[in-house]
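Below: the structure, in structure tokens.
Going in written order, the chains are labelled A, B and C, and every chain counts its residues from 1.
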Amino acid sequence: MVIRVEGLHAGYGMTSVLRDVSIEAQAGEAIAVIGPNGAGKTTLMKAMVGMLRPTRGRVDFDGHSLNGLRAFQVARLGLVYVPAERELFPTMSVLENLELGAYRDVSASEEHMRYVLGLFPRLDERKHQLAGTLSGGEQQMLAIGRALMAGPKVLLLDEPSTGLAPKAVAELYRQLSKLKSAGLTIVVTEQQVPLALSLTDRAYVLEQGSIRLSGRSSDLLGDPSIKKAYLGVA
Amino acid sequence: MKKYADLVVVAVVLALVPVLAGGSPYYMRLATLALVYMAWTVAFNLIFGHTKQLFLCLGALAGSAAYMTVVFTKQLELSPWITVPIGVATAAGLGALFSYVSVLRGLGIIFLGIVTLAFSLIFHNLVLGLRQFTNGETGLVSRGLGFPLLEQPMSSYYIFLGVLLVALIVYYLLMASRMGMAVRALSDDELTAELSGINVTWYKVLAAAVASAILGLAGSLYAFYNGIVSPSVFSFVSVDIPVLIALLLGGMRTRLGPIIGAAAFAVIEELVRPFGQLNVLVYGVLLIVLFVAFREGLVPMLRKTLKLSLP
Amino acid sequence: MIAIFFDGIVQGLQLSLLAVGITLIYGLGGVLNLSHGQFAVVGGVAAALLLEAGLNPFVAALGGIAGAGILGIIVDRTLLLPAYRYRGEERLLLGLILTLGLSFLIDGYLNYKFPEFSLTFQLPVPMVEIGGIAMRTASLAASLIAIVIFAGLFAFLRLTLLGKTIRSIIENEVGAELCGIDPSRTRTVIVCLATMMAGVAGVTQGLFSSLGTEMGPEFTILGLLVAVVGGVRSINGTLAAGILLGVVNAFASRYVGAYVAYIILLSVAMATILVRPAGLLARFT
């Protein structure tokens, strides 16, 4: 297992959000964490990457325990997180944003840059533009591109489709599936359940802070309760 | 009346201080100065402690009142019964103006701090520049212009005790009123306070105006008592810093904190006096230590250790 | 006329040099350094001590600048730690009070320890003539130093990875951390750089006339005014504001006197805060 979360509890102040959450992913696997708004998907991601201190439980990544590490240390180990807010540098150029993404491994910067610009030709066209002037879809590409610049071992994506037009979402998922076939380990949270399930191998259903269900994505796509709750089909 | 028992205790204890001083003019002057600083600290507690407005112009506010009072008394030969209210009104008006502008423009705590600090410096340079009225660095002699009672140590002490008690009563009444409730909500969370229908702007401006009036009243009377008004008497280092330290030392948002803090500060200052120049260094160390390690202040600490219900 | 104008630009460059450090520390750490001018004085005092110890003036000046930077690192790693534990307004307030305390500590100590202190650098040629205008060599030298430092700073921030790292943290600390950048280490680098630039301003003051231990508060206030007028978060703005205020001050002191000139500067700063607080507060409220 390249990443394993075991019995994780986390919350903000006195309110607990996650209760006893365990998930794991093998190298090369893509997994999805799906669930309704407020189920704790973002909290889970933040607790995994050190942006939020878990109250209990452990996170192991690639032979390291992540407990107590800060966000930049987790990123340096190769667990790279793309939050729903994207957290770009708006008044720096696309190229500069990407260069900073390579901070973890500057020596491979050029190679990664070629790969990212090849994967997202739109970014190549706009590489001298300021990040803040990009469209929503392009900003999401830039956020993912910046994460890829680090040469991540595992990519964590929090709701990548948030705020994007349907066309942009479709384009984004095409590129994500390319990344997956290239062998990248991906953990994605999503409210657009069918998209996430068709991208991934396995999925977890997070509801009210606990894992309610898990299994192969293709099985979950056919699961009647999932269909009812998330796919809008009776 | 039980609610105000502490006020009575403060009044009685402070009224007995001259007996302890045994008529020594030196200690009487120290005690009187301590009363002035207590009144100023009560005012600052209202502005900074309760309504989170960082006024870095306490000396300038007290000083504007003092200069207005003395200059009007001197130049126009008006009675101090008229000029002291003019001074107080000046300070209150300026304080209200800063507060109103800061709320209006949505200034954060830091930028209000810079604006008021800039005002401190403007005040200082005005006093130095308007030499024909203020006599510049040397200052104006105010002896013999004001109230005869402020020329004698004993009566002066009780006048300033009166000023302090007035300040405390005003503070108590404000905190017991609707404003007190609003202000408590405000120090928890301004947004929530605003949402629950409390007019934050109005109470902040009111608190600033009342507190500035207290600063001005103590400042004007102090100008007569001191016999001279000069820029150094009302400088940032001689008013703002001691008051800030006294408030932190005593405990913000407590009733007795300003009294105990200013008294403790007077004692500390007396202890470092022999070291001359080093007092500035001691101020620096006190600010740092108090803010890092002792942010609660004496009153909350005494409450905990002695299990007292200090207000 | 032109002489006053040039004089203003020379003064302005010095002001910018002081202010840019305040801007950088504020942008990166969210701390408004109220002891910044005192770092300039510390740099000057260190240089004077080295000069007294028999070092050549150039080395002594560099040593003084390094001294200011070392004190900066120490302060960042000790005094400011409690402030960094908080975020937003709480950090600002704590930083403000801590650096105010530090300024008193440094002032009190230096005035006590070196009451008669002054630092003066004598240049071999006091005046030069350029294009028909006689100018003090000291002004030229100081301006040249300031211009080189600013050019270097801009190149550093635009072109080097460390410079980009610094800009990324100023822009978005969370984003920078997600890239694997350690904010606290970068902060220490910037505090060191900023205090070294204050040290330069302190040492070059010794070129103009002399530097005394009592000048700290004035340096801090002037730097603060320039930083505020420049927008507190923008380095270009700080440079422009420094030159603007330098020129305004030069003309005002010439025609209306020093007190009024100072009042004008202060009023400009107040007005700037009041007219565009959103620009100044962009990140924190």
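In this section, contacts are C-beta pairs under 8 Å (C-beta built on N, C-alpha and C of every residue); 3 or more make two chains touch, one makes a residue touch a chain.
Model, not experiment: these values are computed from the prediction.
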Point to revise | Chain with minimal offset from the mean of all protein Cα atoms | key: C
Point to revise | Farthest chain relative to subunit B (centres taken as mean CA coordinates) | key: A
Check your understanding: How many Å are there between the centre of subunit A and the centre of subunit C, using C-alpha atoms for each centre?
Key -> 42
Revision key, fill the gap. Between the Cα centroids of subunit A and subunit B the separation in whole angstrom comes to 55
Study note, to complete from the structure: The distance between the C-alpha centres of subunit B and subunit C, rounded to whole Å, is 33
Exercise for review: Spell out, as numbers or ranges, the residues of subunit B touching 2 or more other chains.
Suggested key: none
Exercise for review: Enumerate the contact residues on subunit C facing subunit A in the complex.
Suggested key: 161, 164-165, 167-168, 171-172, 174-183
Check your understanding: Can you list the residues on subunit B that touch subunit C in the complex?
Key -> 54, 101, 105-111, 113-115, 117-119, 121-122, 125-126, 128-129, 241, 244, 276-288, 291-292
Review point. Can you list the residues on subunit C that touch subunit B in the complex?
Key: 32, 79, 82, 89, 92-94, 96-98, 100-109, 111-112, 115, 221, 224-225, 228, 257, 259-260, 262-263, 266-267, 269-270, 273-274, 277-278, 280-281, 284-285
Check your understanding: Across the complex, what residues on subunit A touch subunit C?
Key -> 49, 51, 70-72, 75-76, 80-83, 87-92, 96, 99-101, 103-104, 106, 146-147, 150
